[in-house]
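You will see two complexes here that share subunit A, one where it goes with subunit B and one where it goes with subunit C.
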Partner chain A sequence: MSPDDGIPGPAESAGAPRIGVDEWVASVEEKRERYSGLRGVALREWDRLPAAARVLLCVGLAALFPLVTSDGNVFRYGLFTLVYGLLAIGLNVVVGFAGLLDLGYVAFFGFGAYTYGILASPQYNNHWQAEAAIPVVIVATGVLGLLVGLPSRRLFGDYLAIATLFFGQAFYVFVNNANRIKFPFFGHTNLTGGSNGIAGIEPFNFFGYKVQGTRGLYYLLLISIAIVLIFLFAVHDSRTGRAWRALREDPLAAEAMSIPVNRLKLLAFVFGAAVAGFTGAIYATIATAALPGDYNVGLLITIYAIMILGGFGSMMGIFVGAIVVSSVPELLRSSANARPLFYGAILLAILVKIRPWRRLALELGGLIAFGFAVHAIASAAYPRLTDGKAIGSGLFARALDHWMLFPRNPEHIADVAYILMVAAIVIFPQATGLWRALLLPALLYSVMFVWENLLLQQIGGATRLILLGALLVALMNARPQGLFGKAYVEIV
Partner chain B sequence: MADTPLLELDQADKSFGGLRVIADLDLVVNEHEIVSVIGPNGAGKTTLFNLITGIYPPDSGEIRLDGRNLVGLQPHVITGLGIARTFQTLRLFLNMTVKENVMAAQYGHTKVGVLRSMVKTPAARREEKEIHRRAEEKLSFFGDRLMGYRWDQFAYSLSYANRRRLEIARAMATEPRLLLLDEPAAGMNPKETHEITELIGKLREDGRYTILVIEHDMHVVEGISDRVVALDHGVKIAEGSFESVATDERVIEAYLGLRRATTK
Partner chain C sequence: MNWSLFFDLTVSGLTLGSLYALVALGYSMVYGILKLLNFAHGDVYMIGAFIGWFALHALGGPVNPDFAGAAVLVVMFLTAMIGCGILGVAIERFAYRPLRNAPRIAPLISALGVSIFLQNSALLVFGAQFRDYQTFNLIGVKTYSIGNLFFSVPQLLTVVAAICLMVALTVFVARSRLGKAMRSTAYDREAASMMGIDVDRVISVTFFIGSALAGAAGVMFGLVFGQIFHFMGFLAGLKGFTAAVIGGIGSIPGAMIGGLVVGLAESYATGYLPQGSTFQNLYVFALLILVILIRPSGLFGTVVVQKA
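Up next, the complex of A and B:
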């Protein structure tokens, strides 16, 4: 059958709209337009940059950090952000690219740390050079990834998650107890140091040059990240990367399109494991020790939180995620940082959420008036409620003394208020119209009361974790696909 | 026509539990032929495709491509040997772009390993270029429909008809000899149906594919088929030209229950 044997031609020759504009394209164009001005220019330029340039730009910015701040800050904010970031990049290959829910991931991190510890610590009397030890660690962890992947290569989704979670826990139990294994021919062997772990792990020693000190480690991590990222960007847009993504989208269709699904799953596992193992070796030199407790579920959750927050599959988003998840709890350690962050966040939320500005002014004015009214009534009727003082010094703290209630002994009343506040937050969304407008100042006041009298008192402990959790909940509600992720379409 | 048929089913049999979906089916598709499979819902048409592509193995019997037995091979191996399919329910890689969908399907006949593409060796760059070129070539088969700005659109943003086209383009990218099309005209309007009819003809003439197609739209079947096979409950009830099958009493009975209606 030839195209022109009397059958009318395809639609476009019959006067249908030419290719170039359809509804979808129009909507995309519209979205682009919306980001006009400086932000639009920045976004478009960013999209146009090649991957390597983006990586180098980010890494370059990060490289300036130690120049503007103290060693302590680099250690507190920098090192852990980068370790988490590198770990999350590796996990992103497994979860973000290939769509395999791997809950045993931190075991590979731990395995890398232990392997390096065995190769370079006085405890085992090995002192390998880094240029030899790092490849060995990477290959060994990759092989372990292969071994874990082999039995679970037919599993998907929840089943794979359970199998890998088991592996992660098994690793934890193993390193905790592998100090008295009895091998045939070798006798009792102390493989992992048991619950004491491996101490005195040596820094990386590249051809006699030792990478140590906070700054040295920071730059080592940064260079590692740049290399891994550039490699992974190349893989993402290669034959293998496309096959991984195809497998994430629809394993059956991928298999039918000549993609060996099982082999690619193993490959993704090996890749993720190798990155984790490498990170583990670096972490071992930072901590100068490998301890079983460092590679447990808590870390796994942190890494997943970073990846989810940044957006699945987005390697740049991971960095923002790592910065948020590892810096926020550190920042919140002191009340001097925590208070402005808290009030700033509340103010920002109100500014974003309440429109028009007239209503905003009324609500804010209402809140301030409400505070003074409560304070005046309380100090007249029941002075014990206003005898206390706000934590800290400065103008803001002293101003708070005249506005917020500070009971002499806040313990009991604050505990009760905390429970009432949680109940109020849960109930509040049910209120509508005028009730909502009237209740908001009272609700905010109660939140601030609890903050000043309970949460801020324990800012070094549970509070910062509660706040981090609240922040993550708020961010994920605002952008379920993660900060830099794009929303995946599952069924259309 | 070659002596060995391109595809040959020899007493293929498949049951799901107690339900016999394909019953001792013999089927032959010769090189360069377009064969349509018709039959009421549940006749076993899609199961037939799943057997051929290795998604499930037959309980007994043989399936041969060019004389080589396919039974027991994994689906991706069978695809590599030259059988590609589309899916009735549309299983595109939705969150990949149009072009990436077609590029991903070239996995089977490309070679560069992950380490080489990681450092972008010259061989990797060359192959990547070739993958791009072939993807564009496959997409250009559909006229303007999947060209230009659509390359970088995500598959989920495509219209239904374009998704069907992309399914075919993706199947073509595996460089098959035999194309299995599962209801390529389902859900299309008359104009698009017409276009698909024409396209299937073009696939044989220009693309040199042999085509086995499941279709419900009798206009399409009439327009494209060299031969029609009618299935009912996994049994071949008629085979031959469109006219002979369409007027076959058992086919009419399978679709309409005519004989029972007339004898009552």
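Up next, the complex of A and C:
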């Protein structure tokens, strides 16, 4: 990617293969140049820090969080960020190190939660101590991972993706119905509580010390993350870690160097499953329940988005990814927060992407003028289109009333506008030159119209996943290796 | 042995199977050319079902349509197929083409993003409720029988239409110039482009055809089962892919046979295996694992060495 890239469209990034020049080699100089200025200094200093210091820095900063804010905020922002972060660290080993697309990952998370629920809840009359239950959960999930990974061993690659995706679905069907299976030898056994799940799961009980309360769980999660990270840093330079990285860089060459490729991939897969199972057990104590609906595709996408934002194989990027992906939707829940975030993001994107500043000023002016013109025409010709009001209060919302169209009954108009907007976004990169400049204000206006009239209304539901899905596609287009990932050569 | 149950299961299995076969064809064709798992394919199928629904209601609704029933059906199929075809081309252009030289995992994740995007867009725009096709008045509820074999009109229509589409596709791929270009692109993309084949165009056409078939399958699903919803593409996509793997991914006749195998297996599992109606999907999953274990290249596939 050259720094003066326009809006990431197919035309720029497709890049016809240049004969005789390896893309990666050609872009090395460019990469070195990009790390200049203040950002370059920060990055270089970061790279110079020893691994232990980095872990300490991240974990230390996170440990301060409960000291400066209320319990409610720790629960809303902190706990879920850490749960997602721990999950993403495990997934990163599978996807980032070994290059396996594991789409059944959340099933292992669910399996851990259920296993711990069976071992420590009044529903099954088991009250295991945590120091016994946690190893059992980890081993059981690891063995399950081994069982799922083994059949696909020969076909690591695309078949694994579909087999694991199917496995995730199968897990969901199983736990949802396992309360009425008739097992041979055992007869009817209520294994998972069916659609009611397992309720009243007990907190971790380490030698009589119970880990509970928001803060207790927060520090438990933080300690777990630190342990997993330290373990991974220890592995990083070991034989296995080096083999994993060799595998990621070039499986073919790794195999030629007599690295047991399949066994290492299986190991990464099992390791990821075990981390997910462990996280599941922690999650079960947070939610005090294990419900079949908690381990769905939405969660899977969230974890993938975190991992990809962080970058494949980058451990520390995951912290940033987890904070962004889990707290942004949480902030989006109220329109008072969502609106500035949305317009801020659009403004930022325009500021970064459009050069020179004269054109930028023209586009912004055009956008504002376009809005007032549309509003004036609509209020004269179709007053129904401007009868509604923007959600929320405040100066900005009231100003929007005079600029943006708010139909009295936005349902149907907004649905159609949404479809048209998606079509427009797909078509827009095809436009060039003057057309592009002219169409941009109209496109932005339509995006804002849909945002105000449709997406903002559904902010708690579909909007979040739509944004995450779009983020995945956009990020893959712009930087296939993830934000903080390092580009590497792949020979296919 | 209860033969009438057996025949019932067979008929519903064949119906399901032809749906899966149509979905599997799209997977298989795309995989054959791009070596890409198009996760969004199942959701294209879902969108097709919704386009058919809107076409039906634009033409006066199922109870008293503006035209004769057959004409309405043709319009439904055509709009769904063309709409989905365009959608497929757009997806390829926007989400996959820029990533053609990227690491292998990037387009897969992009496909996942498209899938979740389409699913939730449908949830946002069409709502979470089920939509009824209610086509009884359009094509009748009459049931026909040959001996013990009972089938309804939509079932017959589905099987026949699916067979027609598959025959048309086979002839197209085997005989036309574009079909020839598709085969050579699937065989070796670089060599094909050196021979003057416009590979980008061939890929677009492949996506168009595959998505159009999925759209047709979506409408058929609505006709046979009567209800559509925004999440229906997920499982159909999984099973379509299973069908493609069983048939041998990349092979067109394989996808057809694979679809029928999966459909029949699911139907028989529902009828004969313990707790079949709850765990039918688990049984199909077991079948997938079994095939991957015993014959990873599928029934009609050739052994391919996978480099990455």
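Everything below uses one rule, namely that the second predicted complex is superposed on the first by the 367 of 492 C-alpha atoms of A that agree within 3 Å, B and C clash if a C-alpha of one lies under 4 Å from a C-alpha of the other, contacts with A are read in each partner's own complex, and residues count from 1 in each chain.
Note that in this section contacts are C-beta pairs under 8 Å (C-beta built on N, C-alpha and C of every residue); 3 or more make two chains touch, one makes a residue touch a chain.
For clarity, every value in this text was computed on a predicted model and none was experimentally measured.
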Exercise for the section: Determine, under the contact definition given at the top, whether A:L267 touches first (subunit B), second (subunit C), both, or neither. Expected result: first
Problem - subunit B versus subunit C as contact partner of A:L252, first or second or both or neither - result: both
Practice task
May I ask you to decide whether A:F231 touches subunit B, subunit C, both, or neither, giving the answer as first, second, both or neither?
Solution key: first
Exercise for the section: Tell me which partner A:F166 touches in the superposition: subunit B (first), subunit C (second), both or neither. Expected result: second
Completion exercise
Per residue count on subunit A, the busier partner among subunit B and subunit C is C
Practice task
Examine A:V297 and indicate which partner it touches, taking first as subunit B and second as subunit C; both and neither are also allowed.
Solution key: second
Exercise for the section: For A:L434, select first, second, both or neither according to whether it touches subunit B, subunit C, the two together, or no partner. Expected result: neither
Exercise for the section: Could you tell me if A:A380 is touching subunit B, subunit C, both of them or neither one (first, second, both, neither)? Expected result: neither
Exercise for the section: Take the contacts of subunit A with subunit B and those with subunit C, and give the residues found in both. Expected result: 8, 10, 14, 252, 488, 490, 492
Exercise for the section: Write out the stretch or stretches of subunit C touching subunit A in their complex. Expected result: 31, 35, 37, 39, 90, 93-95, 97-110, 112-121, 123-126, 234-235, 238, 241-242, 245, 274-275, 278-279, 281-282, 285, 288-289, 292-293, 296, 306-308
Problem - Footprint of subunit B on subunit A - complex, ascending - result: 1-3, 7-8, 10-12, 14, 18-20, 24-25, 231-232, 234-235, 238-243, 245-246, 249-250, 252-261, 267, 271, 486, 488-490, 492
Problem - Touch list for subunit A against partner subunit C, complex - result: 8-10, 13-15, 17, 23, 95, 99, 101, 103, 151-152, 154-155, 157-159, 161-163, 165-167, 169-170, 173-174, 177, 180-182, 251-252, 297-298, 301, 304, 308, 312, 415, 418-419, 422-423, 426, 429, 454-455, 458, 461-463, 465-466, 468-473, 476-477, 480-481, 488, 490-492
Completion exercise
Residue positions on subunit B within touch of subunit A in the complex are 53, 55, 74-76, 79-80, 84-85, 87, 91-96, 100-101, 103-110, 112-114, 117-120, 124, 127-128, 131, 143-145, 147-150, 153-154, 156-157, 170-171, 173-174, 191-192, 194-195, 197-198, 201-202, 204-205, 223-224
